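Before I ask anything, let me first share the structure, which is written out below as structure tokens.
The first chain written gets the first letter, and so on, giving A, B, C, D, E, F, G and H; residue counts start at 1 in each chain.
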Amino acid sequence: MNPQRTAHLGFARLDVDRAARTGTPEVVYAAGKTPEQTVACLAGLLGSGTGLAWATRVDAPTAAAIRDRWPDAVVDGEARCAFVGDLPPATGRVLVLTAGTSDGPVAAEVAATLAASGVGCRRVDDVGVAGVHRVLAVAPDIADADAVVVVAGMDGALPSVVAGLTDRLVVAVPTSVGYGAAFEGLAALLTMLTACAPGVLVVNIDNGFGAGVAAARIVRAAQR
Amino acid sequence: MNPQRTAHLGFARLDVDRAARTGTPEVVYAAGKTPEQTVACLAGLLGSGTGLAWATRVDAPTAAAIRDRWPDAVVDGEARCAFVGDLPPATGRVLVLTAGTSDGPVAAEVAATLAASGVGCRRVDDVGVAGVHRVLAVAPDIADADAVVVVAGMDGALPSVVAGLTDRLVVAVPTSVGYGAAFEGLAALLTMLTACAPGVLVVNIDNGFGAGVAAARIVRAAQR
Amino acid sequence: MNPQRTAHLGFARLDVDRAARTGTPEVVYAAGKTPEQTVACLAGLLGSGTGLAWATRVDAPTAAAIRDRWPDAVVDGEARCAFVGDLPPATGRVLVLTAGTSDGPVAAEVAATLAASGVGCRRVDDVGVAGVHRVLAVAPDIADADAVVVVAGMDGALPSVVAGLTDRLVVAVPTSVGYGAAFEGLAALLTMLTACAPGVLVVNIDNGFGAGVAAARIVRAAQR
Amino acid sequence: MNPQRTAHLGFARLDVDRAARTGTPEVVYAAGKTPEQTVACLAGLLGSGTGLAWATRVDAPTAAAIRDRWPDAVVDGEARCAFVGDLPPATGRVLVLTAGTSDGPVAAEVAATLAASGVGCRRVDDVGVAGVHRVLAVAPDIADADAVVVVAGMDGALPSVVAGLTDRLVVAVPTSVGYGAAFEGLAALLTMLTACAPGVLVVNIDNGFGAGVAAARIVRAAQR
Amino acid sequence: MNPQRTAHLGFARLDVDRAARTGTPEVVYAAGKTPEQTVACLAGLLGSGTGLAWATRVDAPTAAAIRDRWPDAVVDGEARCAFVGDLPPATGRVLVLTAGTSDGPVAAEVAATLAASGVGCRRVDDVGVAGVHRVLAVAPDIADADAVVVVAGMDGALPSVVAGLTDRLVVAVPTSVGYGAAFEGLAALLTMLTACAPGVLVVNIDNGFGAGVAAARIVRAAQR
Amino acid sequence: MNPQRTAHLGFARLDVDRAARTGTPEVVYAAGKTPEQTVACLAGLLGSGTGLAWATRVDAPTAAAIRDRWPDAVVDGEARCAFVGDLPPATGRVLVLTAGTSDGPVAAEVAATLAASGVGCRRVDDVGVAGVHRVLAVAPDIADADAVVVVAGMDGALPSVVAGLTDRLVVAVPTSVGYGAAFEGLAALLTMLTACAPGVLVVNIDNGFGAGVAAARIVRAAQR
Amino acid sequence: MNPQRTAHLGFARLDVDRAARTGTPEVVYAAGKTPEQTVACLAGLLGSGTGLAWATRVDAPTAAAIRDRWPDAVVDGEARCAFVGDLPPATGRVLVLTAGTSDGPVAAEVAATLAASGVGCRRVDDVGVAGVHRVLAVAPDIADADAVVVVAGMDGALPSVVAGLTDRLVVAVPTSVGYGAAFEGLAALLTMLTACAPGVLVVNIDNGFGAGVAAARIVRAAQR
Amino acid sequence: MNPQRTAHLGFARLDVDRAARTGTPEVVYAAGKTPEQTVACLAGLLGSGTGLAWATRVDAPTAAAIRDRWPDAVVDGEARCAFVGDLPPATGRVLVLTAGTSDGPVAAEVAATLAASGVGCRRVDDVGVAGVHRVLAVAPDIADADAVVVVAGMDGALPSVVAGLTDRLVVAVPTSVGYGAAFEGLAALLTMLTACAPGVLVVNIDNGFGAGVAAARIVRAAQR
């Protein structure tokens, strides 16, 4: 069977061989954990031999606790991610598009995840379909990419248009941007799931991490 | 106050001055009525002096009952509408777009409503955003119209793109076309309500009649 | 194709020809943007040659930042809108009705949008259907208008009654006023979508901006 | 304690003293029962000494089975109710209003329930708010009633208007009439629950029986 | 037609004859209004000749503003209601039951509404069905009442049990008490709408005011 | 590790050691399978050495196919279950209550599952809370049982009352009985999940099989 | 009938014989109560002769008020529970599993409930199915337990896997851990209700108390 | 810009260069089209020079009409797909897993889509997590694949487990298999969107076609 060692911290049970099995290490989801728990998890992962330990959904107190323990830690404020250790060199190209400026933090989480996964990334913001020429203008960037991640809130219509322009896989990330009938991202989620163009795959609302992991797997598949 | 006579049929109470008040006569919604009730309503409306009586959501038995009573009645099978009397001459221009072939019956109801309202209509089908060049190709038709009605199911993304191209009002009709997360038209409805381009107004799912009435009012406003 | 220049700000990509294409310029949606980003967007729009730049959903810190940069900026506190530059002269007449006092801020956003679009506006508040004579009393105002915008929370029943009284198009804005089964505006939204009177078109919950843009397009259609 | 005898039929356990406790006997809900089960329940109730046994949601085969057993049974086809035994004499006055013709069957169930409960009833159909003068025209009937039952589908706006005109209690019955965003009666239900006029009480969608029982209790309270 | 004078305050349009038409005066819903607006509405109502003006959903700053203007005003902190003027003498008897202690504030709003409506009230708290003997123990109180109001959150099961014990009308008020699948009162609302015992009528979640108005109407019907 | 042999049928992969691991064999869920597939699964299970093979959600054509292959098969029409082989002797006592007659088929599935699991069962039907004395009357049966299964649709209030009377575990089964706001069992499901009495555990809507398996595990725990 | 004394506190009516009837005393649900009310309820329960009084959902001010009154009270901060009096000795074994670290507080409520119920408990955290070997590794603990409680948020998939490994009853507790399409625990709740393995019973989202009471009843059944 | 010819059929507007742009030709979605329309679309696509034309959601009458026109057409009954022309040779390897036998038709649509896309496919059915050893047993097949498609209804838990075992991208297809709280596939959809293991991407409920297109793009990316 696949490698499957576990490091016990009492309150947590780290899946230290996850990178060996799945290509992505166990990453600490800091929401719902105390700063102390997040730091302990990162330390546990580093202690198990991983060169880079990494947390998402890091708020300010947790970021401070991490920097306190590891002064060299890199905290990406827009993406709310923290990294302890060295980022791998980047190969491959993923294009990350946002429909609007407010989708930026989720796109930043995608980009941070790709960086930590050793995948190159180009980000183009604010190309929503209300000015569809902005979408058409990025066609060369799309053609140049191994995969495309599209981040959009409100009507979530951008992935449908992009997927009709390319043979690249489109990873669609609905965001909770919007109000009223946007229902915290539900509208964008349903739009993306029912996209009239095939080739669109969807992750959870605001899940930039999941989209980044998936895009990295596509790039790696292309390199296998 | 506005004119407000009523014709009593026992089971119904016809608002015979509605055309005088609102520009649109009371139209018989045949769903949930027996063929006999629909025929009686049409007869009541004709008897009150209207030159054209009209029913929507007409199924086959009701269509037969109408033709039986008024052999000259016109039944539009695709639109499921029946008309007794003379259609008015058409003025103005409304463009009706569909995202896909399956949206056709709803677009037909829009067109029939416009015809009965004395408004001209041009219909262009199957210009979904999965091939966005098809949308761009109808830009001259859009520029030529007094208003645009966009009919779309599944992701409902077409109105967002159209509204970004024009200063015409866009009346958006979500349809129940699709499956799964389309949730009988809910996905398209939410998409249209949260369209990132302003200038989009929305009617109920599959409500071609309401979209037609609204578009006719815009054309009449332009003629006042 | 339509004019489609873009101004790149790094985090944003302004659609500076949107007014030329659609009659409404790109308007800055300040929710989810930092005060600095909103100011930068307004500056970018002004720099592209627009005479009036404009933001919605402006909170207090953003309003302060705007006034700091442009001391002559006009901030409408009730509407949460800010304007930099000169408002156009007003033509046409839109009637804006509210069902209750608590719907005021959304009606104010409608009015501010009309003012920035160069359209005249008359606002009558608190004419809910629980005292239906208040609705009947505004019939002369309705007859006088090019279009009617109806703003209502809770049961959202006002547009159904208004649309039965007039041949003007009724733009219905559900609001999040209410509690419990109002479900943050969902009840009013569904009521308006299923209005038993045709001629009602609906925008997103609390979307005063969208209703204002749509009403302005109707007035302009009437002037074409 | 209240009277509480039970008649055992094996598959059912009849609450034969319910009329003594609550003023309304156990009534057989025929949906989900075989014709034989419904007949057995009616026979059990008659055998326990009740003078009138009664079933709701009676379909054609069940109606036939009832008539077969009791040739004098009265079946109200519109209301889908069947009665075995003598109806009590009627006292009091309940006004039953419908918004549209399609709401008729539910109003018929209200009326049948009132008849079986010994309460007088006047029914006025098709007074929806799209022609609000039709509502105002029934004001004298409202003033004359002990209570008002309002039956409405689609937007469900009628109870809000009626309750603003009277000091009578308004029992509101949402119906499943409509399509799309009517969501099988959900839109009307939410509208009625959030009615801007107080004095509106709501029952389940299509629950004419419950509304009739409640209205009968109000009339009886007025007679105590 | 019914009396229908209106008092204009600019931001509000008071329906000053509502008490004459419906038995209940216009009551100020203070949520979503500024303290100044609520005070102005109360002053407007008092100025129109009503002897008692009254507001619900009063928070602390609004309560302070009311007391500041009218030092004799009565503020019921549990019910979040404020009264300016004299309460009418009480006649009739309404029983108000709660399922749990946390439902208290809503029951207090029912009681305050009854007091302001001149109706007597007896309140018995914490008789949830998890100890059904507590329900059975209040049977004498139920038999003594003109109507029963049942306030319950979580499973909302209490009205079903109470309605099976009595011929009094049961007004059911779902509350937002609970967590998880209680979905802010939705679970209790659905339970009450589908109560297996007839004679249950439902108001909006947490709507103690509406339940009080309705119960007062029942008592007045009994006194007509 | 636990025993885990698998029998391959091509379209299915039978988990033939599931009884050894979990105490319940793999049972064939016939909905969504052809009669041939169900027969093949049953044959595969019998061939793997189980003495009793068993299917749920069996419709008429599947029942016929089973009887055709195994003339001695027992088909329980009310429960829609089919058994091939010998039922085990019964030990222990589970009490199965229904709120109404229409809940019978789900209770029958519970009973059939208990019989196939070798557990004794007593079923008492139609003890809904609208006549709460019927519930109190079964208290001796409850005290006599190892566990109680409560089957209820509509308001789903019965488990709350039962759980307040006993120290036995209450397994609650919501059913899809009801209409309108019952939302196909959703109302009963939410009621049961939010039951104000602890000791209630819930299974899926109409899942008599799951309730039976769970109750059998409780009885077996009591016998360990 | 079962014992059913009640202690009246004015705002509350304590069901002091609930432990005698159901094996679990009335436990004070502190959410929605003031600290004073919670203290009064605890005092009332102690005064009625119970040796241990107990509150859940205790926040910091309430905890302080309890310690102020009873300096020996035990407050479990992770579980948000407070106990006044002596915990009973523990018998039996319940295994409590969590899918992730963030599910800890709910698991702590399960454990505290078991402790107060006199049942032994072993807790193993962070064995989510993303590293399924962690689940397989606890098989010996499962085999050793009288019942298993599984606490999981996000996808809620853990109970399905556990129930396929054992003949113990699995009590599943969905938690509100997660974001976006987790919908505050709804996703996990639906997953657990539709678990493909039988033997899973579900409680409300975050309801550690209910799961603990249920597990204690299973252990007691095993000891009867 | 990308190639974008269009073939006009009147009721449809074929996007004949979609394969050149996106790697997948326009495929005819036969649901909601008449057999004649589907045949006309296929003929139009063949006439535009594509070597293989292809329709999904083909029912029996449409299949008959296709075979009537093209006797050599291949109809895959399980997948409800029809192909006219020659299938391309297969390269690459996609593993398609189902959780249960009832998920078969959706998996068949995945397989048919892969075949038409020139991608190799291995299908393993009925490896649900209730017998998790069945999942572990396919680990070698997973390691051998370029990508994995997981098809599951009910609890939809399988993708979470699979994604924790591999570094391959997991395309998750929720199906409408199940009842009650499965809500026509909603439960499985939410489970997959919130999968605790990253690397899971989701398509619409029952959307085997979309999953197949996406998997084919991954394989092609691996071959670029």
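Quick note on the criterion: contacts are C-beta pairs under 8 Å (C-beta built on N, C-alpha and C of every residue); 3 or more make two chains touch, one makes a residue touch a chain.
No experiment lies behind these values; they were computed from the predicted model shown.
S.K.: If each step moves to a chain the current one touches, what is the fewest number of steps from subunit A to subunit F?
M.R.: Minimum step count, subunit A to subunit F: 2.
S.K.: Treat touching chains as neighbours: how many steps, at the fewest, connect subunit A to subunit D?
M.R.: 2
S.K.: Looking at subunit E with subunit G, do both copies bring the same residues to the contact (over half shared) or different ones?
M.R.: Because under half of the interface numbers appear in both copies, subunit G and subunit E meet with different residues.
S.K.: What is the distance, in whole Å, between the centres of subunit D and subunit F, each centre taken as the mean of its C-alpha atoms?
M.R.: For subunit D versus subunit F, the centre distance works out to 35 Å.
S.K.: From the C-alpha centre of subunit C to that of subunit H, how far is it in Å?
M.R.: 44
S.K.: Whole-Å distance, subunit F centre to subunit G centre, using C-alpha means?
M.R.: 26
S.K.: Would you mind listing the residues of subunit G that make contact with two or more other chains?
M.R.: Residues 1, 18, 100, 130-131, 136, 163-165, 180-182, 189, 193-194, 197, 204-205.
S.K.: How do the chains pair up in terms of touching? List each pair.
M.R.: A-B, A-C, A-G, A-H, B-C, B-D, B-H, C-D, C-E, D-E, D-F, E-F, E-G, F-G, F-H, G-H
S.K.: State the interface residues of subunit F toward subunit G in the complex, per the touch definition above.
M.R.: 1-2, 18, 21-24, 27, 136, 139, 146-147, 163-169, 171, 189, 193-194, 197-205, 209-210, 213-214, 217-218, 220-222, 224
S.K.: Going by the contact rule at the top, pick out the subunit D residues touching subunit B in the complex.
M.R.: 100-102, 104, 124-127, 130-131, 133-134, 137, 177, 179-182
S.K.: Okay, in this complex, where on subunit E does subunit F touch?
M.R.: Touch residues, subunit E against subunit F: 99-100, 128-132, 135-136, 154-157, 160-161, 163-165, 178, 180-183, 186-197.
S.K.: Taking the touch rule as given, give the residues of subunit H at its contact with subunit B in the complex, in rising order.
M.R.: My answer: residues 1-2, 4, 6, 10-13, 15, 18, 26, 29, 31-33, 37, 41, 174, 176, 184-185, 189, 204-207.
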